[in-house]
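Order of writing sets the labels: A, B, C, D, E and F. Residues in every chain begin at 1.
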Amino acid sequence: MKKTVLTLAAILLVPSLALAADAELSYVLNTFSFLVMGVLVMWMAAGFGMLESGLVRSKNVATICLKNISLFGIAGILFYLIGYNLMYAGVDGGFIGSFGLWGPDDAAALSGDYAAGYAASSDWFFQMVFCGAACSVVSGCVAERIKLWSFLAFCVVLTGIIYPIQGSWVWGGGWLSEMGFTDYAGSTLVHSVGGWAALTGAIILGARKGKYGKDGRVNPFPGSNIPLATLGTFILWMGWYGFNGGSVLALGNAASAIEMSNVMVNTNLAACGGMIAAMILVQIMYKKVDVTMALNGALAGLVSITAGPATPSLGAATLIGAVGGILVVLAVPFFDKLKIDDVVGALSVHLVCGIWGTLAVPITNPEASFVTQFTGVVAIGAFVIVTTSIVWLALKYTVGIRVSEEEEMLGCDSTEIGMEAYPDFQRVSSGRSGISSHGVHVG
Amino acid sequence: MKKTVLTLAAILLVPSLALAADAELSYVLNTFSFLVMGVLVMWMAAGFGMLESGLVRSKNVATICLKNISLFGIAGILFYLIGYNLMYAGVDGGFIGSFGLWGPDDAAALSGDYAAGYAASSDWFFQMVFCGAACSVVSGCVAERIKLWSFLAFCVVLTGIIYPIQGSWVWGGGWLSEMGFTDYAGSTLVHSVGGWAALTGAIILGARKGKYGKDGRVNPFPGSNIPLATLGTFILWMGWYGFNGGSVLALGNAASAIEMSNVMVNTNLAACGGMIAAMILVQIMYKKVDVTMALNGALAGLVSITAGPATPSLGAATLIGAVGGILVVLAVPFFDKLKIDDVVGALSVHLVCGIWGTLAVPITNPEASFVTQFTGVVAIGAFVIVTTSIVWLALKYTVGIRVSEEEEMLGCDSTEIGMEAYPDFQRVSSGRSGISSHGVHVG
Amino acid sequence: MKKTVLTLAAILLVPSLALAADAELSYVLNTFSFLVMGVLVMWMAAGFGMLESGLVRSKNVATICLKNISLFGIAGILFYLIGYNLMYAGVDGGFIGSFGLWGPDDAAALSGDYAAGYAASSDWFFQMVFCGAACSVVSGCVAERIKLWSFLAFCVVLTGIIYPIQGSWVWGGGWLSEMGFTDYAGSTLVHSVGGWAALTGAIILGARKGKYGKDGRVNPFPGSNIPLATLGTFILWMGWYGFNGGSVLALGNAASAIEMSNVMVNTNLAACGGMIAAMILVQIMYKKVDVTMALNGALAGLVSITAGPATPSLGAATLIGAVGGILVVLAVPFFDKLKIDDVVGALSVHLVCGIWGTLAVPITNPEASFVTQFTGVVAIGAFVIVTTSIVWLALKYTVGIRVSEEEEMLGCDSTEIGMEAYPDFQRVSSGRSGISSHGVHVG
Amino acid sequence: MKKVECIIKPFKLDDVKAAITDLGISGMTVSEVRGFGRQKGHTELYRGAEYQIDFIPKIKIELVVSDDQVDGLVSAIQREACTGRIGDGKIFVSAIEQSIRIRTGESGEDSL
Amino acid sequence: MKKVECIIKPFKLDDVKAAITDLGISGMTVSEVRGFGRQKGHTELYRGAEYQIDFIPKIKIELVVSDDQVDGLVSAIQREACTGRIGDGKIFVSAIEQSIRIRTGESGEDSL
Amino acid sequence: MKKVECIIKPFKLDDVKAAITDLGISGMTVSEVRGFGRQKGHTELYRGAEYQIDFIPKIKIELVVSDDQVDGLVSAIQREACTGRIGDGKIFVSAIEQSIRIRTGESGEDSL
């Protein structure tokens, strides 16, 4: 990632009056691209928040709102305190960066040397918002039963240490990047990482009370607000243009502008492909189109293309996304079979499609090798599974990670934060099965 | 549209070192403008989704959410498969472009020739998001009674064939543009087209059960979520800056930056004028301010200015919008008189004001002639009325377009997609009249 | 503010071919920055709308939606009719600008002289959206009891006269700026101004019926939709990048791009600091984390950094925000003690933190003096308190500003605008105390 | 006095209300209930799991009337609420010993 | 034992509850209902069509008490819920044959 | 015929419903209510002010059954709804004079 930019900066340095002029404006454009695209990525935090608020039951909505906004605050502070330097400072080929507060240094640029290519803070901003995304993936999966402060404590470690270390291996110029592992905008580095962390969390926490009936039946806990979930998906889709488009890491010359355009078009088509494929499959399998599956399908397409949005043709991008959409429709019931309770489908979307997207890169990118991609997926997966399991278990056996059964029954909103999300509205009580609309499983 | 850019590109090609430098960065800026503004236009799809989710009854909310997000997916894929080339490839003065998948070709720019003016994909992206908007207009008007898959099938034809063909007549450089017809950002090409398609759909579908009482009284079916409708309007307002601002189609020189600024300011003031005018009129007519009319008024102003946002003064723009706001307040009850059931006021906003805006161009733009504008409105109207009627009728007599009376009573959410939008909340049942708050018409 | 840009423009004017080329593209970039950042600031109007919709009771939601969108329309029109010139035209050192409609003049730039630095309309757009923000602050504070049209009338005066006059003192190059008073993006000029206007309004209006029990107890009126309030906060956070980032007022050279990057990073960290500090304090004080306090905390951090986001280090910015977050948690109950009924915490966030932020500037900005900052806060505070009190009282003793007790009981939605925000849902009636969840105060 | 309590299909509310007012009965109290009975709910689908809704939305109307009004009222409700399809609901009649109009304090049949 | 059932204006709930507890009655069950009667609802406006709300939100309170408590309770409710304006609501009294406290299985007046 | 009315904890609904259907009783009507009693609500916090929720969500089930079914039904409900913790609720029994099935017009016990 960095490297790309350095070479780019090199190009910009050809000493010629006109090009010197160029160099400064290129620097400005690179910087502005980081800022604008970074704002779009920040916006994804709201997208996750709305998606999750829409997919949890009304008794847990205020809590999920609080988690989603506070984790973004934690990500910002931690990435400043440790994260950024751990990920980018002096990794050169190794396994970890260095410790220390981060601060911008633009002295060179201010004295007319634009080799850096962009303002330091603009890059920090763009990297920071990515870091937040990984946490957002976790919050949805472990919702409705995890303790607020234990979750936030987990986010501190994830954003401050776990995410940056594995990130250093690739984007920090560490061993995996040396090996040739490529992950354009983070199918693995962001989404799978969030997914693995969510997986260990979901397993260690256990399923929500009543989710899995004794006779192995699955009791659906319908999401309480479908338009919010839809809004969240639209926001994520919008933010993803910045997530992938900004990952060109440059806008200072025609080549990067062209690449950014192709990346954004492919990102969009992958989302289209994922959503339409999911809708068709769910219609065939269940004779009805589950909205939440269509939403997951769009996100699946987006995650799938994220590892390599620059190389595929429009058609290939659509298909890569479509495969993601199909995977998600199959993965959701699969995780339920394993009794791994994923409230919003985060595992199916971010973990499964994150892996798929990373492995799919060689299909359209000759420079990538399947073996290396596979190595990266496994290495990062193993690292995150181990480290996050340690953190979850440490929390479990100290402060505890799960609310009491009664608190879970009453909902985290009134017990954990003492407030209702929708106090003015008559709720339809659910029986123990927790199914808002009192369904009983059939067939 | 294209033509503008080509000339612009020409200007950029004056061969001089500094200007060569210029040319590349102009190319970058033109491209970036398409991308950023395109993202704002994509965001309008979410705006339509929220507006419509807020204005339908709670039993149809999940379905409208699904329609709004899936139609955007369809637009993306169809515009890639056929739409774009049908609209822009080799129309030269004619009535239609050519068939074939679209793919970017930026070889020239990569080899230092920036005559194209912008990256191919950035233009495709910007045109694609416009295409989606036309469908969004339809979905709101025919909501609460149309079959999901029939609606989506209609979207396929609209975005793949009908929209591109009429678009080719003007933006593709076809016969209407030769004639001098001008529609800056699509009052006619996007909004009226959606409006005409919605009109034929609403007529062929018929009104929602119970909407029009025997004694000619109108039974209001209040929208279920006003803040969502307001959010949707804010989103559309925001997106419109990109819709009109991006339609400058360039940002590579001072002239285009100035034009973009004026366009955005005029766009904003037209929205202000439309909303305030609608509020005042509705207060005078009904002694109360109907929020949904204020929202429609803002949108009316936006649609009205869209055909010519570059030429009016700030004052003129405000007035053009204000007229739109007045038209909408009068048009809504008018369509009800005709028993044409428009759930969200799409006809009043997009069709009526789309026509008004197109005809209003000559007022401030000396280059436009009223006769030509009128010709364009009629030609495109006739084309869309005929083609969409054929599609609606074909669907009606094959797969059917309308849900059964019982399904309509229960709501499309549980019958069409088997899910409730707000399962945790106690609904207030409505009587047959469908009026959520059990009102009976007075006066 | 202007002045900054003029000097900048001066720099840009070094007559040299390459730099001339530069000058035009710098002009384009300055303009584009105003437009993009301005769109983000406009988006804050939606943020205020959602935040307030989420924090009022369900019976007043439609009304607050209407107020929030219509005040933005009023701001646009009034800023065009009088505001802009009153704020920026020929203030030079004085206390007020001149009257007259505003219109863009870009003749110079169109003839190749880019001294202006940016397109006139882009600047107008950016200033206009700021003006709307001040009103949004007021609407939340006086919600649930003020008459719709009286509120809108107040907005006319605030956006057309009061805001521009005090604005002219600083950003218009008036006496306070001469004195050296500095307020980068408006902690005082926008937020405190809104806060003072809200304060006089809240006092003159009086508290909502039943808010303060006879025995001095405070009856909470829980907000009706926490996810909407959260969404509103996310939107405001996002918009604030434009609010502060755009206030660099330039993007035409590396120096301004660097400054913009630092400003956005500091803005983000201040929000993080404010939110986390508020969460920790509220947990300590009440043993539970009130979501709405976390949201207010984030906004408090944003308001606090707004007066000087360019000079602090990342750490300093975080702390400045954190102090804001603490102030808010203490200020909310304080205003309740004074029986000043602030529905959404606007006084605590915008007034208190606006003052804090302005006074905090000298801590990191050697050019600012505490005394001058203090003078500015007092001068503007006094001016706004006096003028807004006059307007509120004038309205009170003519058309009246408060709805009748019965209307307040039934809610403004059905009585003021004749519509319910959520008509399909069974509401849980509240007793006279108005507490949706029928709580009685304890402890 | 008697209390006539009926559980009907929601979309029948307006018709039943009209029929009741036609009888000159001036007051009633309505509430949202969910019913379980012979009528089976439709199945819904959520994230790959199907389930059946077994409580169906119904409307409950309560009326307190004088003894002589009961028969007319019962048959009017039965007539209007009937679709002939399963799930039409029930009418139950019970005794009311006393009735007071809060506003005036009137009691007995005058209070209705 | 008797069941005392009252329909009141929602904003009167807290006062009525206070009055009831003052009588030493320890339990009640409240539900949201909509009432139709002499009181006419306000008119609303939606997209150019006006209509009248004829079902007005009310609160229903149900209390089961011993026979000797009825009169005091009824008059307390009547006093507290009364505004003198139309729509104040009704109080109905009926007989309860048996009452059981689920937690303990106690029955009769001990269960209240 | 008798009306058996019970107020239970919401999460007990499914169990109670199962127990009732096991008795071969084919119909019931459920509604959302809020209860006030010995059980105290939890405290909530809003913007610096704490307050207690004193009306607690409960479910009310109404069943009309033939006289001979009452005892079995009451004990089944009591058994299933009981957690032994305060707030489990009540069961009330009262007389129903007449019952009609709207769909068929059948009356008396056949209508149940």
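Simple rule for what comes next: a contact is a pair of C-beta atoms (placed from the backbone, for glycine too) under 8 Å apart; a residue touches a chain by one contact, two chains touch by 3 or more.
Computed from a prediction, not measured in an experiment: that's the story for all the values here.
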item	value
Other chains in touch with both chain B and chain D	A, E
Distance in touch steps, counted as few as possible, from chain B out to chain C	1
Interface with more contacting C-beta pairs, comparing B-E to C-E	B-E
Equivalent interface to B-D, taken from C-F, A-F or B-E so that over half of the residue contact pairs match	A-F
Separation of chain A from chain E, taking each centre as the mean of its C-alpha atoms, in whole Å	52
Chain A and chain B: spacing of chain centres that average the CA atoms, whole Å	32
Shared interface positions of chain F, touching two or more other chains	17, 31-32, 34, 43-46, 53, 55, 94-95
Overlap residues in chain B, where contacts from two or more other chains coincide	17-18, 21, 25, 29, 36, 222-223, 225, 231, 286, 288, 290, 292, 417-420, 422, 425-428, 430, 437-438
Set of all touching chain pairs, with the criterion as stated earlier	A-B, A-C, A-D, A-F, B-C, B-D, B-E, C-E, C-F, D-E, D-F, E-F
Interface residues, chain B side, partner chain E - complex	218-223, 286, 288, 290, 292-293, 329, 332-333, 336, 345, 428, 435, 437-443
Partner chain C, residues of chain A touching it in the complex	17-18, 20-21, 24-25, 27-29, 31-32, 34-36, 38-39, 42-43, 45-46, 49-50, 53-54, 61-63, 65-66, 68-70, 72-74, 76-77, 80, 101-104, 106, 109-110, 114, 119-122, 124-125, 128, 148-149, 225, 228, 231, 416-426
Chain F contact footprint on chain D (complex, rising order)	2, 6-8, 31-38, 55, 58, 60, 74, 77-78, 81-95
Residue ranges of chain F touching chain A (in the complex, touch as defined)	10-15, 17, 32, 42-46, 53, 57, 59
Touching residues on chain E, where the partner in the complex is chain F	3, 17, 26-32, 64, 94-103, 105, 111-112
